[in-house]
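Chain nomenclature is as follows: A, B and C, assigned in order of appearance, with residue numbering initiated at 1 for each chain independently.
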Amino acid sequence: MKLTLSGIDRRFGDVQVLFDVDLVLNPGEVHALIGENGAGKSTTMKIMSGYLAPTAGQVLLDDAPVTFAGSQDAEARGVVLIHQEFNLAEQLTVEQNVFLGHELKRGPFLDKRAMRARTRELLDRLNCQVSLDARVRDISNPDKQMVEIAKALGREARVLVMDEPTAVLTEREAEVLFEQVDRLRAEGVALLFTSHKLDEVKRISDRVTVMRDGRVVAQAATAEMSEDDMATAMVGRDVSSLYPARTRPVGEEVVLSVRGLSVPGHAADVSFDLRRGEILGIAGLIGSGRTETMEGLVGLRTATGRIEMHGREVRFDRPRAALAAGVAYLTEDRKARGLLLAKGMRENLTLQSLSDFTAFLIDERAEDRALDRAIADFDIRAPHRKVEVGNLSGGNQQKLLLAKTMLADPEIVVIDEPTRGIDIGTKQQIYAFIHALVADGKSVIVISSEMQEVIGLADRILVMRQGRVAGELTGDEIGEDRIVRLAMGLDGMRGAAA
Amino acid sequence: MKPDLHVLGPILALVALILVGAAMNSNFLSAANVTNVLSRSAFIGIIAVGMTFVITAGGLDLSVGSMAAFIAGLMILVMNGLLPTMGPGWPLVGVGVGAAIVAGLIAGFLNGFLVTTMRIEAFIVTLGTMGIYRSLVTWLADGGTLSLDFGMRTVIRPIYYDGILGISWPIIVFALVAVLGEIVMRRGAFGRHAAAVGSNDQVARYSSVDVNRVRMLTYVFLGLLVGIATIMYVPRLGSASSSTGVLWELEAIAAVIIGGTMLKGGFGRIWGTVIGVLILSLIDNILNLTDGVSPYLNGAIQGVIIILAVILQRERKAGG
Amino acid sequence: MKHLTTTLLGAALATATALPAFAQETQVIGVSIPAATHGWAGGMNFHAQEAIDRLEEVYPELDFVLATASDPSKQVNDIEDMLATRNISALVVLPFESEPLTGPVKAVADSGAWVTVVDRGLAQEGIEDLYVAGDNSGFGRVSGEYMTGALPDGGQIVALRGIPTTIDNERVEGFEQAIEGSGIEIIDMEHGNWNRDDSFTVMQDFLSKHDRIDAVWASDDDMAVGVLAAIEAAGRDDVQFVLGGAGMKEMIARTRDGDPMIPANVTYPPAMIATAIELTAVGLTSSAPVSGTFTIGSVLVTQENAEDYYFEDSPF
């Protein structure tokens, strides 16, 4: 079956995330969809598979326009999306999962025999040896991937869309997956997958579509594009005037020195220095261990390694210790980790520094004064002072979170994804604010998945890949191309070891 | 600010109950009856104040009733055991009181330790300790009743029955605990932290709040209050048995919820709990003072009122 | 009736000791009783354990399994386990409740084992080989008769009931029949659940509600403790006396010592479980005729005979 996207637009409220996307999936062809985080890949896949409806444009199946009522409708028509996070019931067996929600019945009873036979047949088709009675929690990741695919095939999938299928697989496991992809291609299934690993794209796909900022910027047969071409197509924008110019040079004094920081399971042997008044950017793909490394630094995760501030060794075994030493961490996940959504602004603002407002009792007037200042300094726009924080817009939540972090008066601020999901105007305010911080002699570490943001803000950039520092870029070296190459392991500065 | 009906809900329920009681029986508002109701509310009330903190911080403690029985048994045994050497008198009462407080702190610490450090579900931990304390007190009492030596009973009796200016000690202690609890919950950093932890422990952790310490302290604080409640309880009848404190945990939890604290944590108010406790005691009292309702139905009436109180609150909340 | 039992028991014991162990294979007697959740049950547990300890010495060929249950379903499990894993030859059971236990106990009887039921009858007749029963309506009647004697001119009394059960109903009915036409009026009655705290609360409220109460039928000594504390706290002197029941040793002692508030008691001996176990052991090891029904009557205890009902070692 052939699936076509034609002139697809998609808006979320005022924000348009897809612009005129055209894409054709042919039967017996493997299509790779690549692009930076936030380029619009997920939205595109969701529109293909009925999870989202397009705002404008058409989805066509075998050249006939269709409107999917939902993902189930799409599945019924043979279009199945396999999520990056497996969508399997861990406690059930392989066989039960394959037919979950679509059990075969004989009268009122489950037809176990038929389901077993069919499951075996599907798994055999995928050359997968896993036992039908094994519980899904006990089987390996590639086997889970196979069960997901078997499940999709069990629904007569003719178009299979896979969101980063290899993200959780080792190289060898990925190899097993690719063999099966080859088989499916041979059977005439239309496949689309996303990946950040360009070597994989090169190895397995027939066609490549590159997206950037919600638009298709390149589309070609894989054989016609080198990995470098792909990377170049993925980046390549101008840095706009969003980013303020430096008003004061970076200081000489090293305020923070990290040596051999390791966070078990996430990061190994990370070392870097941070100077007074410096903005250090940390780039890398999602899952490269950036966040975990910084959480390890401030005592939110168990970590080993040596940390020095102003040349003296310090130990941050808990967040409070880091905060007391003047290191604050601002989480990337403001809804789940940053703010108490059901509480008001005052309670949120002072939560981290409550002891400064407490003698024997909390001084609520002092809290109110602090909130007044925060509202003024950070331009927080709330309908009224008692509003539940969950009802604020993302941008105002982010400003409140910044205000909360700054209330502890840290010397070093680690900001993880400073502008995720917020509008351009607020972004600009936040960038200005970060510059004001360093002008004031504080030091900032910015983690961002938005390449431009890192480039626009940072004086120096560490690129992380697979839990290690893949390279460090300063001055003229800084550029999207270099960062992408380091992040994807194409450049061999130090990343080759990994 | 306009008056919030959600806040007024429990108060209105209490006022309604008082009106019903006064209409049913002329003795309802007599000093003696009011004293009776308030004094007997004190045990559950003191415990419920502690329970409010535990629930606000996202925890639960099912063991308080058994814990009270166990501490009562222990307090009696300690006093009986030391009676030959110390003789009856206030020093021995002091020892008994000390024993109850220490036992309460240890029991609370144990619950807290298992919940925080060992990371076991609070429901399971306290269900376990509930069984443990219940059978320990049965064992201590050899299946029967532990009775305080008669001489000591006369000495210790005033702790329940006497008071200042006609207000009995249990009422005074309950009031003090409630007022202090209200202040700590509303204006103390601890209360704010407990609400933050119960609201979202990740946010609390990322805000440099020591989540385990806050949780632990709520359990220790509750244990202490169970100890204090026991100190009020033992002088009343001078005995403890395996039937002491049965279902206190559920009454305390019900009072907390009636008072408007959220069972899933994140928000708690002590004054609401106090009203919840009074509502529960008044229902019993009114049913005893009234003819015409089959005593078999007491439980049903209580249940209906509890559920109504909570439903009223929710609708008010949605509306307001 | 109590005499009958004791005599027969003595005879049976004599037979048993006269025919020393036949070196038979060991037989197991299962004993299933409610846990010690209140005073009387505590006494019953004490007597059961004591009887088992004693009988294990007397009968080396007998093994005893004692299980205490805190609710009926636990008791059902206990009995099923005994039958399945211990291959019991006899079961002595004090059912928590009649209905739920009838089936499981019948299964034991059907397996060929000897069944002794104590105190609370099963819902179906003829299952048990031996029924050792307390006399609940007799308990109520004796209490009522004492009340009419103590208040010859009639009066206003309040009554505290136990946990709502058949036992409680039988007692109250017996009591009400006994005081009928005597001029004694029960002006209020509530459940004190055989519990000191509950009866204290109920009595406090009775005292608030009624200006004159001549006497209290507390119907149980645990409840009498709570009632007395409430009366004392209220400082009321209109209440002439409190009649408890079941013969708790502290209460028997007060009667013996002439406490005017506790002038009498009515027995409902928790030791009936010991009698039942002993009779079962006799039945299993000898040919003495022990099947049938043995009713252990309730006896009025007053200052004169109180000494006979005071057991120093019992926890109850």
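We adopt the following convention: contacts are C-beta pairs under 8 Å (C-beta built on N, C-alpha and C of every residue); 3 or more make two chains touch, one makes a residue touch a chain.
Since this is a predicted model, take the numbers as computed values, not measurements.
Comparing mean CA positions across the assembly, the chain most remote from chain B is A.
Of all chains displayed, B has the C-alpha centre closest to the centre of the whole protein C-alpha set. Chain B and chain C have CA centres that are 34 Å apart.
With centres taken as mean Cα positions, chain B sits 48 Å from chain A.
Put simply, the C-alpha centre of chain A and that of chain C have 71 angstrom between them.
On chain B, the positions that touch chain C within their shared complex are 25, 27-28, 30, 32-33, 36, 40, 138, 141-145, 147, 161, 236-237, 239, 241-244, 246, 284-285, 288-289, 291, 295-296, 298.
Within the complex formed with chain B, the chain A residues making contact are 300, 318-320, 322-323, 329, 331, 336-343, 347, 351-352, 354-355, 358, 361-362, 364, 404, 408. Interface residues of chain C facing chain B in the complex, by the touch rule stated above, are 35-39, 41-43, 45-46, 161, 164, 188-191, 195-197, 200-202, 204-209, 222, 225-226, 229, 233-234, 250, 314-316.
Here chain B touches chain A in the complex through residues 183, 187-189, 192-193, 195-196, 199-200, 202-210, 266-267, going by the rule given at the top.
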